[in-house]
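Take a look at the structures below.
Same chain, two partners: subunit A is paired with subunit B first, then with subunit C.
What follows is the complex of A and B.
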């Protein structure tokens, strides 16, 4: 496989990883496997979903459909696994300087797929339509509205008002437009969409094992309990408690993202320093997540 | 890259292994993990939503139709997570005692349920007992007047340490009765029940038709039983006891005939005429009088909405607040649901316009809360004794109180080194208060000027000594009290003694309400002057009372009359 043509599979130098030492698939392959499990289980889950009555339909699916509880949990946990794999894969790739081994266009594809993935993850949580889901939708909307000029329009197009808990717009993006876009980006990234069987098996085994044991939360409480949101947003939640929303919610993440995106175009002399900064920020955000989850 | 695992076994083994493992797990856990195929739903505020609580608690019985869990679920009252499918998940944030005022705005007071009532209760005198705190601070000499000041609210007391002896005394002895005190244990604790916000009053025995088949839940209803009031109101003024013909006595009193559940000895006394007719607390006391009308008041007398004349001498009906009319309609509907007789007629109204919804003005009847029976309300007689000149300031209770619970002395000792439970801190803290009552018994109503300027019954409140504190207290205090012992009027001579008036009119000490006072010596003299005449002129319609001052003047002018000595005695100033 030639990295220059954009194919980054387990055999490529940049695509190879430490997991292969144990006979396991690469992190990239695992991520794609998790995506496959997530998409297939998502199709099953979508058959019971009602955007007008999201919570009730989710619960009815869990209770009423045979193995509904499992497919919903599998969908949620495989998505989490995919996100973890994506983060680990990206950092691993970055550590090897992989971004400078691919054509700039390919790097753009990779960078676009990151916010799309985040949007799908957050949208999926919001679609549950429970207190936490509505909170996530509100945060998504609030953050998008911080964008200058087209913020409100972006919020209307990507999140909607979700009046009365109706999730039709988010559902449309989640099951079609955003997912299709991610698949297109995945194809552009890997030149294929069918995952490696072993990687898919690992993803299924891991997320399936968790799905058998842990039910993804549905919170409908009127009690004064703290709504925590998804774990990967915990660091942002902590920052939002102490910093202005425009800064913590928009300026900081956007700066990080732009810095990350600019890597292939930076002068060689500065790349090491920027990579270090990116790793440092990633570790710091990881610590923030840990702090938020532990407190 | 060097592989630590030499064989590419992953590709061969892992896919089938993972598939088999996941499939086995699915079989192990089954197709319906939570044991049902139907999602329980309820309708709250017109909107259907999931209520997974009923998956486990669907068998709960005892709640009447208004709070039937199959209709409204559990979470509207107890919070928690009605989308939870595991016990821990479902119970997160659950409030076992739903009515505590700390949480009531989200439970009983949620939109679509009782938001107005909850907001009113939170501002009511029972919620924070401001008068109790203010009077205690006055009694302990920490303030010059019993006036309620801002911050006099038991809910505003914080921490483990009291700021003063009066506050400590309240925290350890009195604070348990205020409705705002959070209750921590579920269920009906009967006579020992204290605090708990809405559930302090609205909890009742399980409502059941037939045999119990599931777990029992106390009923929650607008039909508040008198027993709910008794836990707190069998103390202090003891109106719950007096109303039903019970009086607290000293242990060695030969009249003792039993004990209260808390061990206090009691004897019998004439019950209130209303009690004898089958009335209970809610037959007179309106929901706005009890839960407040939203106005912050300090004392019970300011909150009470009912007066004798509202039923016995009804005047033109004042305009009702819309909220009072709405609630009266709700209460009539609730009454009908419970099988009560149809109530459609225009009711009597209180002076503040609250409809007395179980009365019917046209027929002069009232349907009783406990028995649903109709009773006729006798109108006040337009006789001379009710319209006598000089009696304008008399309250109904001044004459119609047949007896008063009396506690002629109260010795309180503070022990610095003992531990005692602090109801505000919720734990034992250093310092304990020990009350030794003395002279508990029965006596005539004392009379003085109440806070609204009327002559009303007073009782000891208290003849107080406090030892063990930096500034010991030794003082005599008098408290206005409607003892709820209504009956036939006392005689003229009882209130108009011609000799020592102190048995009826206290002359020394202070009162425990702002604006209240003991009768001045000139007022007492006037009363006694009448007493000179009552011995012979004992009829209300006696002409000498038509204009008493003229009569006395005329008498003084007859110095040489035949019964000169008698006349001279009658007309002479009292000692």
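What follows is the complex of A and C.
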């Protein structure tokens, strides 16, 4: 770790990842490459999007534009790859004790990036505007409203009312403010925004291959019996079915997030135990996702 | 890694300034938000014979009137669907309600809110 400029040098012990043993880019580089693919394909997808007629415009883009289906799938799958890379990169970082090797401001940047990424992912799914997209928007809004004092205001500012499926506000955040914020955070984290060419090629190859095989869903039924939502929210969906919304949707995730964020400031003697708790909760949530997807 | 008290105070005051600005922005945006239009009952057909869902409403025929509920789950706000003409179900987390809008099962803790009753 080069503490002078606050970034991880790729050749340093802290910057080296297990993926390099197999000749692959580091997880961090792969995540940035996926972000680049996602942004570029997102610009193409945005050219056909109409916030007032979301689902119609998505279908028109997918079916009517040359290779529209591929660009939409590439956008969705590169985002998924970026999220997976980010989760794996964060856990890898945590396992190495990286959070205690960087200046506190750097760790804050990393921690702010996580909810921004989640917001972009959920917003992207909501923007499709199909039954599942409207469900995602409603749940985002409903969970934000659980926040005391600022809940309704946060829901108004971040999600909007989505009356009649109009997605103008979410679109604005998705294509500009939240994406810009993530890019600023990325620059603050890495001191660069241009991704590594090899890592981008791997990200493009992986997400492109999946895009050729799997098209992201559009739930065309107006009255589905059950909505599944994004896979990474499946554990939360399961918890929300059985626990109070304020507890499952707010108190638990926020406690986990605050515990995670506090790592650099904890006394040395407690860090090991807290790291273990964080890994245990992550594994438990992974199991919840698997359980929700299998039932 | 050790931080001086001055550095901690500087970081904390920066964080407080950012949080304060965000809070003022959120409350301002909330205060200035457009209020939703009053619910338009023009599309409610008093002659319906089966429970029906429009974009924002659930309409239930009863003897001499139709009852109109908001098509919004009281749990987290998902759009409810008519289930076999016998009640309503939330596709997000599975809450169920009968035709009177009363909660039957699921994570919702409140009944459906009645928007209007229209004579027929």
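Rule of thumb we're sticking to: the second predicted complex is superposed on the first by the 286 of 295 C-alpha atoms of A that agree within 3 Å, B and C clash if a C-alpha of one lies under 4 Å from a C-alpha of the other, contacts with A are read in each partner's own complex, and residues count from 1 in each chain.
Everything that follows uses one rule, which is that a residue touches a chain if its C-beta (ideal position, glycine included) is under 8 Å from a C-beta of that chain, and two chains touch if they have at least 3 such contacts.
Quick caveat, the model's predicted, so the values are computed rather than measured.
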Kindly classify A:253 by the partners it touches after superposition: subunit B alone (first), subunit C alone (second), both, or neither?
neither
Name the contact category of A:240: first (subunit B only), second (subunit C only), both, or neither.
second
State whether A:48 touches subunit B only (first), subunit C only (second), both chains, or neither.
neither
In the superposed arrangement, does A:218 touch subunit B (first), subunit C (second), both or neither?
first
Which subunit A residues come up in both lists, the one for subunit B and the one for subunit C?
223-225
Can you name the residues of subunit A that touch subunit B in the complex?
16, 20-25, 55-56, 59-60, 62-64, 66-67, 69-70, 130, 197-198, 200-202, 204-205, 208-209, 212, 215, 217-225
Please give the residue numbers of subunit A that touch subunit C in the complex, ascending.
100, 103-105, 131, 134-135, 138-139, 141-143, 145, 150, 152-154, 156-157, 161, 163-164, 223-227, 229, 237, 240-245, 249, 264
Which stretch or stretches of subunit B touch subunit A in the complex?
1-5, 7-11, 14-19, 21-22, 25-26, 28-29, 31-34, 36-39, 41, 48-50, 52, 75-76, 79-86, 89, 92-95, 103, 106, 110
Looking at the complex, which residues from subunit C come into contact with subunit A?
1, 3, 11, 23, 25-27, 29-30, 33, 36, 53, 55-56, 72-73, 75-79, 81-83, 89, 91-94, 106-107, 109
